[in-house]
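Scroll down for the structure; my scribbles are underneath it.
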Amino acid sequence: MNKRINWGRTLLIAIPFIWLLVLFLLPFMSVFKMSLSDMATARPPYVPVYDSETGLAGLWQLITELDFENYVWLTEDDLYWRSYLSSLKIALISTFFTLLIGFPIAYGMAKTPSQWRATLVMLIILPFWTSFLIRVYAWIGILKQEGLLNNFLLYLGVIDQPLIILNTDLAVYIGIVYSYLPFMVLPLYAALEKLDYTLLEAALDLGCSKIKTFWVIIVPLVMPGIYAGCFLVFIPALGEFVIPDLLGGSSTLMIGKTLWGEFFNNRDWPVSSAVAVILLLLLVVPIMLFQKMQERELKGQS
Amino acid sequence: MNVNRFSWFNITSLTLGFAFLYIPILLLIVFSFNESKLVTVWGGFSTKWYTSLLQNDGFMDAAWMTLKVAVVSATIATVLGTMAALVMIRGGLFRGRTLFSGMIYAPLVMPEVITGLSLLLLFVAVGWDRGFWTITVAHITFSMCYVAVVVSSRLVTFDQSLEEAALDLGCNKVSAFFQITLPIIAPSIVAAWLLAFTLSLDDLVIASFTSGPGATTLPMKIYSQVRLGLSPEINALSTILIVIVSCGVIVASLLTKRSALKKSQYEQQANASA
Amino acid sequence: MNSANKTQTDNLFTPWLSNSVEPLIRFENVTKKYGDFTAIDNLSLSIYEREFFSLLGPSGCGKTTLMRLLAGFETVTSGKVFIGGVEMSNIPPNKRPVNMMFQSYALFPHMSIAENIAFGLKQEKRSKKEIQRRVDEMLALVQLEAMAGRKPQQLSGGQRQRVALARSLAKKPKLLLLDEPLGALDKKLREKTQFELMNIQEELGMTFVIVTHDQEEAMTVSSRIAVMGHGQVMQVDTPDMIYEMPNSRYIADFIGDVNFIEGEFLGYKAYSAVDSTEAGIGSETESLAAIELATDQSTAASTDASNSLASFTTVVHGELLANSEKVLSEHDQVWLALRPEKVEISKTKPTGDYNMIQGKVWDIGYIGNTSTYHVQLFDGSIIKAQRVNRNRLNKRSITWEDEVWLYWNFDASVVLTE
């Protein structure tokens, strides 16, 4: 608009922009660079290390020493392949179950008399404010072999042998569904609350059955909420570490856990970086879809 | 048949849903008062685990560290995030706008292991000693994005003619922001600060990557304890945290309710004076 | 304010007719584009001091953009805007001698009424005492002294409107801009407030520019009206001239209700009969434009009409007569714009010098004080005639399907060429 430079505006944009460039984007570059390096028994535990005194020549030297060895390694050891696939499977199945459990809750909330709704929303958000770690921890006591669930079922006489749930994939599913349920319920509720319920009456009036009304009226209209909820569960679940680590067993493979293991247990920074790069590539498409959706949502409000 | 009826189906799904959400937390709280060292077997009422928790210096130090990190990071993240929200809603077009909004939304869904690892590698590359400040900077970076989202959703509905009116009455842009916009969006900024604060309190993964020797946060402490097995002390600690946070949230929602009540009183008054 | 005083000033107040008066606001070939969309298209306009000037038009006609250019919230794409002789392009909103009353009122919700009114004065760093005095003055002006401590949310719509007015007047701007100031009020309150606004404007001797889409409002309050369409000013004139002498079908159609009769100009006719009621005009010999209904569809109708009109002597068959100051040449396409209230309706043939058309009552729109008769002519077109209901229901004689005569004076219609 104006040819003059608006310094206030420039500064306003520059400060958060530079912060994110340096502390969000640049770190990804260093992950990528690290993934091309080799492990070494040193401090820091990788080579090559750039020494600023060697100048440009040193930089060129460094670049020549980078290679894709770690990526080749990832394809050779099937641990990584299986981790990726198993993460995908676990994330997909848990997202599906979160939707299945979340929808009736969101629907029930939207149908609650309006003076109660704010309280219900608060009750959904409240667990989100309390520590994630603590909520996962709570399930250990419930699910373990001599835990509360088994004690209860044995007491009722439903089972005579304790169920083995903790340290299995089932425990991971339960953990993810439990932890991410608020992320599914809130966008669904937001969409369902906006729904014009006279549309349902109109459909019923025009001879649509109740079940069909659900599929042809409600579901299409709340689709944006369904998408948002699924993204919010699927994307973070894919890279989840705490839940598979605490609830899953040694056979539960998830990529976040594998990465953590490579980094903290094997101290193999280059390989864990390569794992991270691949995980990021898997996530690029859903994250971009999510961003598009968020921006559209924001525009829709204004 | 009335589709608007609050049916048994709805009551059942709400009851089961909230039971699923709250029973684990309630059990955790109940067993924090367990006499027995076995976490899952009731051995009578006792508060001894709270006493032993308070005498545990490791936990206390970690709690203090966590609190410092959370206050500092939430405060800076709120400033940066509010700026970012202004850029997104009011910034108009500029080069790199898509990249900017990408960097705001991506951290919201980025797996923490990646964020943590990448920040660590940056800190190592620039030779920054890991400790309090590295954790704080890492927390600022991801929580400022949450702040930006919360504040921008308020800014979108902000009636821009209020700011124009201030300009019209002789304010410059900066003073219009501080005199008009900021006081009006203040509740959302407070909410954003609280969100940033709890995100920081809660974080295990990013802190584990970016912390160094001598800087242990409470979640890190809890995690290492939990890996060794269940401990009633952790239950006690969890209970304290849950009670504090719940009180905060409930007070906040009561305040919101009160201001809504005030608003409806105002409206009645307005109608009466018409 | 007494009305006698007002009529007097109205009679004297015509700065736009004078060449010596410098306008307060001047738009010079102003164009404003948003991307490909042209909101204001090469517009020039002058507004004078102490005018109550309306920008009237449908939504999207550019009237709000024009106002925002004055306030400084938008910058021109090309052209110049002058206020008080100063070119405004580099002057930000906070440095302009202009205040604005917003459509949404834009009252600061976190400040009391008094604080809202004091806001602009505080920005000027006036002394506390002075601010207090001015705020009290303004509160008295809008009769809200008792509400000073309240928050905007505690006021009714009409009271909020008055606070917004007081706030924008507090700094004594040279020019007050009002964006749909009464749009949020209900009809009764709106009418009352219109007169309040006019009184305040006169009392303070200020210039008001108002944006509105409500033509009645514009007619009531304005010294002059600019009717806008498609980013341009279609006509600028006093309310009575806009209504009685529209310069195009767009204006005639936009302001009030109108019948259009399309035809072809045949020539001038000498006409010398003196109409006692129109002595001023009738005394001189006038040239009347004779217009024939000349479109293809209406050929049949005009034959019918000519049959039925045959018995009249003053009107040539198929011809309609009208006063016009326009210079027309033969076969020009023209439209007669005819306001429904100027069309008389009767079951019997009227006698006298009138244009007459015969038709059948197709529908009657009853709105209490008046009834509008929709009369279908023989070619199927509809002409509306309005009648004041002086008699109670049972005494009104014309009803559906009645064969009626429509007739009007030769100077009742306006001849339009575009």
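Order as written gives the chain letters A, B and C; numbering starts at 1 within each chain.
Everything below uses one rule, namely that a contact is a pair of C-beta atoms (placed from the backbone, for glycine too) under 8 Å apart; a residue touches a chain by one contact, two chains touch by 3 or more.
These numbers come from a predicted model, not from an experiment.
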Chains adjacent to chain A and to chain B under the stated definition are none
So, comparing C-alpha centroids, which chain is the farthest one from chain C?
A
Chain at the geometric heart of the assembly (C-alpha centres):
B
Cα centroid separation between chain A and chain B, in whole Å?
17
Approximately how many whole Å separate the CA-defined centres of chain A and chain C?
61
Geometric centre distance via CA averages, chain C-chain B, whole Å:
57
Would you pull the chain C residues touching chain B in the complex into a rising list?
71-73, 92-94, 98-100, 102-104, 106, 108-110, 119-120, 123-124, 147, 150-151, 153-159, 167-168, 171
Chain C contact footprint on chain B (complex, rising order)
159, 161-162, 164-172, 175, 180, 183-184, 263, 266-267, 269-271, 273-274
Residues of chain B touching chain A in their complex?
1, 3-4, 6-7, 9-11, 13-14, 17-18, 20-22, 24-25, 27-28, 31, 39-41, 80-81, 83-84, 86-89, 91, 94, 96, 100-107, 109-115, 117-119, 121-122, 124-125, 137-138, 140-141, 144, 148-149, 152-153, 156-157, 173-174, 198, 201-202, 204-205, 208-209, 219, 222-223, 226-227, 230, 234, 238, 241-242, 245-246, 248-250, 253, 256-257
Contacts from chain A onto chain B in the complex sit at residues 8-9, 12-13, 15-17, 19-21, 23-28, 30-31, 34, 44, 50, 101-102, 104-105, 107-109, 111-113, 118-120, 122-127, 129-135, 137-142, 144, 146-148, 151, 178, 181-182, 185, 197, 200-201, 204, 231-232, 235-236, 238-242, 246, 256, 259-260, 263-264, 269, 272-273, 276, 279-280, 283, 286-288, 290-291, 294-295, 298, 301-302
